[in-house]
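In the part that follows, the structures are each spelled out as structure tokens.
The two complexes that follow have subunit A in common; it is paired with subunit B in the first and with subunit C in the second.
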Partner chain A sequence: MARIQIDGQFYSVPEGNNVLSTCLSLGLDLPYFCWHPAMGSAGACRQCAIIQYKDEEDTRGRLVMACMTPVTDNLRISLNAEQARQFRRDNIELLMTNHPHDCPVCEEGGECHLQDMTHMTGHNLRRYRGRKRTHNNQNLGPFINHEMNRCIACYRCTRFYNEYAGCDDLQVFGIHNNVYFGRFEDGALESEFSGNLVEVCPTGVFTDKTFSAHFTRKWDLQTAPSICVHCSLGCNISPGERYGELRRIVNRYNGDVNGYFLCDRGRFGYDFVNSSKRIQHPRIKQRNACIQTAKEHFHQLLTRAKRTIGIGSPRATLEANFALRSLVGETNFFSGIEDTEYQLLQTVSQIIRDGGIHSPSMREVEQADALLILGEDVTHSAPRLALSLRQAARNVSIELAASALHVPSWQNAAVREIEKQALTPVFIASIGRTRLDDIALDTYHGSPDYLANFGFAIAHYLDSSAPEANALDADENKLAHTIAAALKQAKRPLIVSGTSCSSLAVIQAAYNIAKALPSPNRQLTFSLPECNSLGLALMAGNDLQQAFTAIEQGQADTVVILENDLYRRAEKQKVDAFLETAEQLVVIDSLKNPTTEKADLLLPAASFAESEGTLVNNEGRAQRYFPVYPAPDSICASWQWLLGTMENSSWQHHDDLTTACAQAFPDLTAITQVAPGADYRVKGSKIPRQPHRYSGRTALHANIDVSEPGQPTDSETPFAYSMEGNMAQVPPALLPVVWSPGWDSNQAINKFQEETGGHLREGDAGIRLFEVSGTLAWFNGIPKPYISEPGVWEVMALPHIFGSEELSLQSPAIAQRLATVCALMNPLDAEQAGIDNGDCVIISDLSGASLLTTVIQIDTNLSSAGLLCITAGHPKFQALKMGMQVTLRKFNSDSEVGS
Partner chain B sequence: MKQTAEKSTSEDLTALEIQEINAIINHYEDHTSVAIEALNIVQKHRRWISDSTLKAVADFLQISLAHLESVATFDNLIYRQPVGNTVIHYCNSVTCWMLGSEQIREHLCQRLHVEPGETSADGQYTILPIVCLGACHRAPAALVGDELKIDLNTDAIDEILKR
Partner chain C sequence: MLSQIRSLWEVLKHTFVKADTVEYPEQRRELYPRYRGRIILTRDPDGEERCVACNLCAVVCPPDCIALQKAEDEDGRWYPEFFRINFSRCIMCGFCEEACPTHAIQLTPDFEMGEYDRQNMVYEKQNLLIDGTGKYHDYNFYRVAGMTINGKNKGQAENEKPPVDVKTLLP
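Take a look at the complex of A and B:
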């Protein structure tokens, strides 16, 4: 610790950090632009000037940049010295000479860091009357607006985009007073993390284009703390609502999970909530009904039923799944996941629970100093995790800079300078190329069986008691030894795997490798398919096939399906047969889909934005989301539909369900502590969802009714649909939005952290359900390598960030960025089959029935023979399931006439 | 991480250009660092860098087009638009400005009937500003073609333009 003096006050602070970060951590206000807690210092904007004194006697001092000055013992500085204040005022005046001062029409207005800093420095009067340079803006695709005239050239955008996110199509052009941040030419930004520019940019150069389509000022948005539902990572989000419409998503800081950043699927995937596919009313036999009738009808169906089975969902909350399970009974509850995935998830949950290896948070992932990714293209299967892995890839150079050169990690440019001299051992074994290949020292490509075998080999080289794999060829063997050696040497090695390959062997191989690692700080993480995949796996239940059998054999006649489109889970004929054989079919869901079309009783479910619940992410962290706004009168939360039909239930509220669920499953005991219950009050009042400056409450619905309607009440959560209430000292799990006096932008978060970039005060939201315990025996199911039959291909349905996830697919902005519809094939296979790049082929199943027509793209990174890679979950490829065996024939337009 | 550019060829670069770039490519740690030198080599042959030339160089070095453009537009001596036979860069940094660079600019522009950034009608000269040429002790200075001219005044300009 260092003792330092700031404006005559003594503080004891950690040594080695920079002065700007330290001052902010102490709660002091010092303006800045280019510094970012996640990206370090650049010293570019000159805004954080302070006076540093040589010693106690020094009365003049000298001007230094706080972000570039390290904290040392006996440091004496002044933030308030007039020269420093004058400098900061003048600096911002200069930065603003080209700024258009268009705040009233700028979408950043009201949450603009540039506005905040301008006020903070006291530059209140515009003196500059000269010409301002102007720029042409670019069309950067469906996510981001571009308004270059507002730029103050802090370089944060390119530092985030190029350095932090590793993408190079956004650059800075030009020199001195005429720089331009943009692309070489118009076109969608290529990074999967482009949306973060909206929050990284301190002003309105990059703004959210989807938000523009229904813009509302920050102070007019109603918000509640929420969790992203578009993948298994559980990033924390702040959705904003106005007029009953979800308007946007911004990052909600969680020091353990997503930190400052989200992926583009998470940020722009929300519009499905406003989609025309929303089910607005209960429907009985395809006709609209009112809520009461639907409830009664639901009850009648259940009473009439001989035996009812319930199908749960990995995208529904613990509470909703638990309510269904309680309604139909434990033995009649099926998890709604097809058997392979069910088996994968059971194994992953077993490993996390009893494997004896730490399942890391994303913050911990960023600390790893050696990485092996086995079977995942993480950018597509768990996007935000890829951003963390990219940061981990810097650790060896950061350590070298600190130890050999005494350069601290926040000296960003200096540390990046030596990046190429000290590479972190990152290895990727995957089916084809991945978006992280640029950080890999080496890559290995093969079919899932090969990947698993390769993994088993590495485990065996690390620990000879691990089972031996099938023989590798010389090159593979050498690589496996190299990887084993690098992982063995590492202090904090990390193995990343997941369910993308649908291969149990891959997951087991990943566990064997992690188990074989000598380091006590070894970590193992899995990317899972959906937002509550792990939660559902912990509730057990039976797999989908057993549900099919129960109906087929007439053991049950009634089915209740919770938020699950079965056509995405299993082959069409099977699902058709299942849904048609069931005598009574009840479906609860929010969007129309092929399964809801078949329902005898369709119950409209509230989306994540209109309901509450607990999800368990891939790490084993339980987190709760809360309704941002009430669902329309004709829509209920899934759990409410289910609870409403239970007779004499002592469960009245959501909290009752959470408690009962915690009691029913020992693994879930801690979920009651995820967030305070509905009776929680801050100084006697509920927590307001609306900011104090929320406008027009009395006029919002004046076009319908001139009398002011009462605010909706909320008996389920500690929040009120109101501006009244207390926002101070709200625990992190209940913090709807960050706002602090003088800090209107999201960067106000530094007022809520223990230290800048650190954990939130009182601890980050969410409860880890598992800590390291037990150990499992070596897995020894080493697969025989898949040998392809000539003329037969195995379908590899691989995740894609835009196109694989069911809900975000219904958001127009995401739909515009959908993966190209094509199937990838290895060049040798293509040559043998006489197929050229871009050829159109007909894909048929082994019985010869044609399934679909698609374009073939030849991919040199696919080394394994006999694989046909497609985008998982893409509507176009609905007929193809993972692992299916298919045949191909070239599409010949003449011969197809009439067919 | 893998150095593969040596193997690739680009139809848009001439054999000589490729040969010259290949001669220096190994002087650098990675291909992004070769960018300036490669642009200089190609510009030597073509006088300026068109969009298609820029693409050819980016393809050859296997670096992103946007990154190469950022280098090209940062460097004062890489021309992204056609220029005259001789480019006159008058220095407009502080010392030259104090000692009369504005008169130099005015005189140049008046003689050639152009504004800074433009090329004279006969295609002989292009006038551009430049940052400090390191000749502050003999200011004002200018770079004429690749020759440094110092102690400039209107007479000296007339003398230069006479040639």
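Take a look at the complex of A and C:
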């Protein structure tokens, strides 16, 4: 600790950090632009000027940049000295000379860091009368708007984009005060994290294009704490609503999970909520019905049924799944995922629960000093995690800088210089090339069986008591030894694997490696298919095949399907047979899909933005989301539909369900503490969802009725659809919107953290369900490597950030960025089969029945023979499943037309 | 005592003074342009809608009686898709006019807005938007702002240099 003096006041603060960050952590207001807690200091904007004094006697001091000055013992500084204030005021005035007169038509207005800082420094009158510099804009794709005139050249965007996210298609061009931040030419930004530019850029240069299409000022958005439902990581988000429509998603800070950043799927995938595919009314035999009739009908169906089975879903909440399980009974509850995935998830949950290896949060992932990724293209299967892995790749150089050169980690440019000399050992074993290959020391490519075998070999080299793998060839063997040696030396080694390969052996191999590691701080994390995959796995339930059998054999006649499109889970014929044989089919879902088409009774479910519930992420962290706005009258939350039809149930509210669920499953006991219940009050009132400047209350509905309706009530959560309440006392983890006096932009988060970039005061949201305990025996299911037969191809369904996930696929912006619909093949295979890049082929199963026609793209990075890679979860490829064996035939337009 | 008598006297004196009140509605007072009555939305000197849907009037409004939604036309101009004022709530404070960065929203000297049905006090854009510039004749926001709209590219607004050529290395 250091004792420092700021404007005559003494503080005791940690040594070594920079002064800007320290002042902000102390709650002081000091303007800045280029410094970012996650990206360190650049010293580019000159806005954070303060006066530093030599000692007690020094009366003049000298002007320094707070973000470039380390905190040392006996430091004496002043933020309020007139010279410092004058300098900051002048600096802003200069930055503003070229600034366009745009605020009224700028999407950033009202949450603009530049507005905040201008106001804070007191520059409020424009004196410059000269001409302004201008720039042409670029079209940067469906996600991001570009308005270069508003740039203040802080370099945050390129530092984030190039250094933090590792993508190079956004650059700085030009010289002196003409610098231009953009792409070499127009075109969609390539990074999967481009949306963060909206929040990283302190001005309105980069804004959210999807938000602009139905724009609302920040002060007019109704919000509530929420969780992203588009992958298993459970990033914290703040969705905003106006006029009954979901308008945008911004990051909600969670020091353990997503920190300051989201991926583009999470940020721009929200529009499915507003989609025309939403089911708006209950439908009985394809005819609209009112809610009451539907409820009664549902009840009748259940009473009349011989036996009802329920099919749960990994994208529904714990509470909804539990309500269904209680409604149909434990033995009649099926988890709604097909056998392989079911098995994978059971194994993963067993490992997390009893494996004795720490399952890290993303913050902990960023601390790792050696990495092995086994079988995942993380950027596509668990996007935000890839950003954390990229930071982990810097750790060795950060440590070297600190120990050998005494350069602190926030000295960004200096530390990045050293990066070239000291690389964190990162190894990637995957099916094809991945988006993280650029940080890898070495890579290994192969089909899942090969990957698993390779993994088992590494485990054996680490610990000879681990089972031995099948022999590797000389190069592979050398690589396996290198990886084992690097992992062995590491203090905080991390193994990343997951379900993308659909291979149990890969997951088991990953566990063996982690178990074989000597370090007590070893970590193992898995990327899972959906937002509540782990939660559902913890609830057990039977797999989907058993449900099919039950109906096929006539043991049951009625089926209730909860938020699950079965056509994405199993082959079409099987699902067709299942849905047709069932006498009564009840489907609860929010979007129309092939399964809902078949429903005898279709119940419209509220989306994540209109309902509440608890999800368990891949780490084993339970987190709750809350409704942002009430669902329309004809739509209920899934759990409400299910609870509403339970006879004599003592459960009335969502909290009752949560409590009952916690009691029913020992693993889930802690979920009641994830967030406070509906009776929670802050100074006697609920937490307001609307900012205190929320406008238009007496005109919003005046076109319908001039007498204002009462605010909707919320009896299920601690939040109110209102602007009344005491925001200042709300625990930061429950804050719907981040705002602090003088800080309208999202940078106000500084005021709610223990220290800048640290944990939220009073704790981050969510509760970890598992801590390290137990150990499992070595897995020894070493697969026999699959040898490809000539002419037979094995389908590899690879996840893609845009296109693999069911819900985001229905958002127009995401739909514009879908992966190209094609199948990838390695050049050797293609040559042998006589297929050229761009050829059209017919894919058939082994019996010769043709499945689909697609274009072939030759991928030079795909080295393993006999693999045909497609986008997982893409509707076009629904007929193909991971690991399926198929044959190919060139599409010959003449002969096909004839046949 | 004396002061009370004087007060009585002062009051009585007014009996013989000409009345300030007028026989409204037969007789009308002259109201000046800056009188704060019924609100209108105006057009810029080129006849285009002035309002850019920035929402500043709505947020400054004490009884929160303005609601609108931003949209963008094919020329790239922001405009309100709908603009609603609930005059049964409006207190004619004029804050909206003061906040408006484009001189779009203005108060007028008309206050005769009585209705039998309160619902009729809800004005939509078609009831608010007039054809002229109102009190402020010359101001055209888009001529000052940096945003490109059809017919005004970068560098063509007031006080703007032509767009930077990023490929040149000349100082």
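Brief remarks follow.
Everything below uses one rule, namely that the second predicted complex is superposed on the first by the 894 of 899 C-alpha atoms of A that agree within 3 Å, B and C clash if a C-alpha of one lies under 4 Å from a C-alpha of the other, contacts with A are read in each partner's own complex, and residues count from 1 in each chain.
Here is the rule we use: contacts are C-beta pairs under 8 Å (C-beta built on N, C-alpha and C of every residue); 3 or more make two chains touch, one makes a residue touch a chain.
Here the structure is a predicted model, which means the values were calculated and not measured.
When the shared chain is aligned, no partner comes close enough to touch A:Q673: not subunit B, not subunit C. In the superposed model, A:D169 makes contact with subunit B only, not with subunit C. In the superposition on chain A, A:K420 makes contact with subunit B only, while subunit C stays out of contact range.
In the superposed pair of complexes, A:H135 makes contact with subunit C only, with no contact to subunit B. Once chain A of one complex is fitted onto chain A of the other, the partner contacts of A:F184 are limited to subunit B, with no touch recorded for subunit C.
Put simply, more of the residues of subunit A are touched by C, taking subunit B and subunit C as the two choices.
By the document's definition of touching, of the two partners only subunit B reaches A:L441; subunit C does not.
Subunit A uses residues 173-176 to touch subunit B in one structure and subunit C in the other.
Within the complex formed with subunit A, the residues of subunit B that make contact are 1, 29-30, 63-67, 69-70, 73-74, 76, 131. Against subunit A, the residues of subunit C that register as touching in their complex are 52-56, 58-59, 61, 63-70, 72, 78, 84-86, 88-89, 101-102, 118-119, 121-122, 124, 141, 144-148, 154-155, 157, 159-164, 166-169, 171. The touching residues of subunit A, when paired with subunit B in their complex, are 168-176, 183-184, 420, 423, 438, 440-441.
Of all residues in subunit A, those touching subunit C in their complex are 100-105, 109-110, 129-137, 147, 149-150, 173-176, 178, 180, 212, 214-217, 219-220, 243, 693-700, 702-703, 705-707.
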